[in-house]
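In structure tokens below, several structures.
Two complexes are shown next, each including chain A; its partner changes from chain B in the first to chain C in the second.
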Partner chain A sequence: MFDRLHWIIITISIAGLFLLPVILAPFDLLLLTEILLMGLFALSFNLLFGYTGLLSFGHAAYFATGAYVCGYLVKHSVPFFLAILAGVIAALVLAAGLGYLSVRLDRIYFAMLTLAFSMMVYTIIFQWRDVTGGSDGITGIFATDLGIPGISIKLQGFSAYYYLTLILVAIAIYLLWRITHSPFGELLQASRENYQRLLFLGIDVRQLRWIAFILAGGFAGLAGALWSPFQRVANPEIAHWTFSATPVLMTVLGGYGRFAGPLVGATLFIGLEHWLQSNQRYFWQWLASLPLFPDTLVERQLNLWHLFLGLLLIPLILSFQGGLLASIEKIGKYFFPQRSQS
Partner chain B sequence: MLLFLIAAGLTTIFGVMGILNFAHGSLYMLGAYLSYSLVIQGKLNFWLALAIAPLIVALVGGILEILFLRRIYKQDVSFQLLLTFAFVLIINDSVRLFWGSAPLTTSLPPLLQTSMVILKRTYPIYNLFIIVIAFLIGIGLWLFLTRTRWGKILRAASQERTIAGALGINVPRLFTGVFMLSAWLGGVAGVLAAPLRTLSPELADRVIIESFLVAVIGGLGSLPGSLVGALAIGQINSFGILIAPTAQVAFPYMLMAITLLFRPQGLFNRE
Partner chain C sequence: MYRSKQFWGSRRTFLQQLGWATMGFLIACNSNNTQDKQSVRVGAMYLLTGGFATYGEFARDGINLALAEINQAGGINGKPLEVIFEDESDPMQTARRLVLQEKVDFLLGIDSSGNGEALVAAIPELEKILMVTHAASPKVTGELCNRFVFRCSINSPQNSAAGAEIAATEGYQKWTTIGPDYAFGRQSWELFQQALQERKEGVKFLAKTAFPKLGAQDYNSFITTLQDSGAEAIWCSLWGNDLINFVRQANSFGLFKQFPVYMELGAAMEVLTALGEQMPIGQWVGTRYWWQTPDTEVNRNFVAQFRQQYQSYPSYNAQNAYVGLKLLALAANTAGTMETTAVIEALEGLEYEAPMGKLVLRQSDHQAIANVTWGKTAASPDYNFRILEPIVVVEGDSITRSPQATGCKL
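Coming up: the complex of A and B.
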């Protein structure tokens, strides 16, 4: 499973991620935390999409559940580590309930059903003003201490929270790796490739998918539980279907066929988004210098991140190279042809 | 009835091509914005806008289909869904680019600004006008699909793509035509909706979910189904407010989930 090259890459990246706070500015550290959390969210989504072949368009529901439960408890002075745990458990329970129904369908109907469920969660969050704060969300979520009895781990400053995120996300990624590379993971992939054959072999595919759905929901819940204290706020936006599209896009960007694809996609997604936000005025200046370009368009200086994202996605979807990671691998193979596919 | 028009376009594409088009709401929004430009900025009258704007939208749809969508018919439906989602991102941002994100409003054509009394209740004549138009288009579409030679060819191609192709039907061109027809329907709905609603770039996100609800409840691919779906959603929304004002917003989604679980093919599809 792991060859030497993989080990080297993993060791270097973990060491690098631990050392980064020393050199990075606080803002970049925030960005990195965001990448880790969204990367975990996208990875959990890909357990369903890439491995099981089920396109969920309602994955935000579990993320938001984790975020709201954790945020609500932190706000009411529950120890932070318990709040995280509660967030994950709540997401697991919700995923168990809704997943039980969702896995009865597949293909486009699965996507529509998950979409419907997540919008139900969204409306509940939006309407249940007493608990969730309605459209304002829960604000002022401060987690200052991890709250494990006996040990005091302070979480002040960006780097402390970054380390907490890094450790928890690393553990989650390791677990996901073990899951996808276990016999269970193999079965999931088999169910994607040939549903009926697996049924003939006497395997309860529906139950298999249900378990995958619960696991995916739980990891999304963990990402959410860490998200709201990081953002200091839990707003209903994170339950809306447009937010469910984010991990989908990240996964497509990075490649759904590789384990690390969603991580690469999340890095690329967030990196590009911020790069574009800070640099697009140069683009506008360039446009303004062109003759015949209407000035009224330049004056608005809109953030056209979605436009660029869409233009980037179309060739990726059309080419079926399995996203950016697979393309890089292909280039790598061109230069090092002796390395066999692992 | 507006919802019916939008959902009719969505369901036609799905019925014939098997594609769930996320970009349909964006095409609808494009129609609405184009009519704004033609009526307010271009000083054209509403009727001309109703004729021109949907044609432009249909053209945009045709270009998208020929350039991109055509290439991935053989692939899994998930990828078609994702591709149309990429269209959503591009169209919505283009609308923001050209028209700005500030809300815009258009006015009603003078002929339709009056209201009418039916059974002692007053109705704005424009709403009745929309109902009539949507009904006529719905009937026209239904007749076209079930009674004409072209409709027959379409239904044949949707069931057996390969054999229809082997029998000498130019299936890719046919699909382009269907996609344009559906985009045209979206555009018509957009123009009709423009005077009633405030135009903002968030229009597309809201409308696409509503039309998914309608199309799924009625049965994806079924034209009468989307009519019934639209009526069901309308009734649920208005009665829901009376019964449970706070929970009302969730009702349509519940109905959709229940439909999917017990009759995934929708209320109106056999088998």
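Coming up: the complex of A and C.
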């Protein structure tokens, strides 16, 4: 299943990711941390979407649970590693409860149910002012030390936090890879293709989906638990259904049919977002230098990068059907025709 | 059959090529944004998209006016000034990008209190000054305060206290409120209660209050709640589009004929111009700057300049943003350097003659102290919006919390 070329690629990328802080500017490092966290979030979503065939439109609820629990505990001086653990456990527990009810349905009904549950979580976060800070969220979440007793691991500066994220996300991705490539993962894919056949084989599909739901929630919780100390804030927007749409977009962009698709999608999406935000004013400057366009464009600096993002996403999604990764693989096959896909 | 298949095939190929062309375009474009910095840069963050974007646009206009004046007067420390405008909806990531990548020297802005609180807590690690020009949460210059953050605008405790000062002179004993259901609306009601209790004995605040969601469209049930509450007067902290929608619907219920409604941010130009004649007459409205006052040369010039440039009267957000950039430029020129600590020292205790009147950046919490204007809405044949008549100016010192009461330790 895994040949030598794959191992070489993975080893080189991990070594590269570890060496990057030496050469990268601080902001690129922040961007990379964001990509890792959103990538993990999208990967956890794809365990349900790509592998199990269930479109969850409320995945942000588990991300936000991880983020709020971890943020709240860090604010109350709980050691950071325990806070992360608590965030993950809280997300697992929530996913177990809501997942138990959600997996009774599938297709659009499942999507609507998960959406409804996540908006419930959002409302609780928004209204429970004493604990969650309501609309303001929990601000000033600083984790300065990992807090493992006996060993002092300081987390000052952006590169230390990047390393922590890299290690935890790498472990999580490895676990996800093992899960999807285990007999359990095969069953998930079988349930996606033909769940009635699985039922006839005597497999409890509902339980299968439930376990997948819990696992997906847990990994999303981990991404969230690392997110709030990274952003220094946990605000209710990360529980809103619009935030649930982000991993959907990333996964579709990168390709839900491949394990690494969501990671590729997250990289492309965040890269695009950042690039458009920092370059849109050069676009207005260029436009103003043309005849027929007013000079005031330079000083007005219209904020239209969302529009540009949409305009760029349309050709990308239309042309790379099945995701960017699948298209790259097709090109790879053109050059190495003998290699079969993994 | 064959032809249609070929058609599909060619479309696929076309789309595929389009996709790769887009990718190639992106990669090609990505290599041109590392320019050497020849200018002083300020990153301005406001609500520039969505329902409250008129506030951000007014701020941008105010800043561009200040920018032109500063550059005409020789820039900052001999270098030209440049402003980068950003939407504030992801405050942390945007501020980090502005400071670490665009290498801005100062940060300016923030409309929403929630965004303000998130950013203020995290600004020390970026080691740049943030001049807050709108977000009015008491925490910004209260429990979350730090040496990098200043606020040149009137905050919500000051505005509520000014409202209470006026309310205390009239006979109303029973009060209720309508406000947006988030931190600002709740805080505003608490602050108003405190301030009014300090100024008047025996006032009662009813438990029956109305807190519609921020951005709500339908206020009917809330207006009925207010009408049934048994109150004598209403404290209203709705702002922006919410206030506009509320006033329109309250008119059809006749609410303003039954109750005096004290609108904390009713005299915002964004609201007055949108409502026009729908704004009821004879209601008390507050603002954080009103272009008619004070009658000073600085203010008259500012209003004239602004009108000439943008064909509208400056809103409080425009004035605040204008003053914010002016203060940063003044302090950096006084300090003779862009170095953060030196500019902080120059800003602390700074006195400045702003369009809104004399303003002091208090050393103990970095909050601006200035007079606050309230007034009664009145019709005038010269304007197509309501103006204020009479105008009441409340002394800044009498409505500002003492340094001990703010909870700020610098």
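The rule we apply is simple: the second predicted complex is superposed on the first by the 302 of 342 C-alpha atoms of A that agree within 3 Å, B and C clash if a C-alpha of one lies under 4 Å from a C-alpha of the other, contacts with A are read in each partner's own complex, and residues count from 1 in each chain.
In this text, a residue touches a chain if its C-beta (ideal position, glycine included) is under 8 Å from a C-beta of that chain, and two chains touch if they have at least 3 such contacts.
In this text, all values refer to a predicted model and were calculated from it rather than measured experimentally.
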Which of chain B and chain C A:Trp275 touches, first, second, both or neither: second
First (chain B), second (chain C), both or neither touched by A:His306: both
Which superposed partner A:Leu318 touches (first chain B, second chain C, both, neither): both
Contacts of A:Phe117 with chain B and chain C, given as first, second, both or neither: first
Which superposed partner A:Ala67 touches (first chain B, second chain C, both, neither): neither
On chain A, positions contacted by chain B and by chain C: 300, 306, 318, 320
Touching residues (chain side chain C, partner chain A) in the complex: 15-23, 26, 29-30, 32-33, 48-49, 60, 64, 67, 84-87, 92-94, 96-97, 100-102, 113-114, 117-118, 120-122, 137, 144, 182-183, 186, 214
Contacting residues of chain A [partner chain B, same complex]: 49, 55, 101, 104-105, 107-109, 111-113, 115-117, 119-120, 123-124, 126-127, 241-242, 245, 248-249, 252, 297, 300, 302, 304-307, 309-311, 313-314, 317-318, 320
Chain A to chain C touching residues, read off their complex: 25-27, 30, 34, 129, 133-137, 139-140, 231-233, 235, 272, 274-275, 277-279, 281-282, 299-301, 303, 306, 312, 315-316, 318-320, 327
Touch list for chain B against partner chain A, complex: 20, 68, 71-72, 75, 77-79, 81-83, 85-90, 92-94, 96-98, 100-101, 205, 209, 212-213, 216, 220, 246-247, 249-250, 253-254, 256-257, 260-261, 264
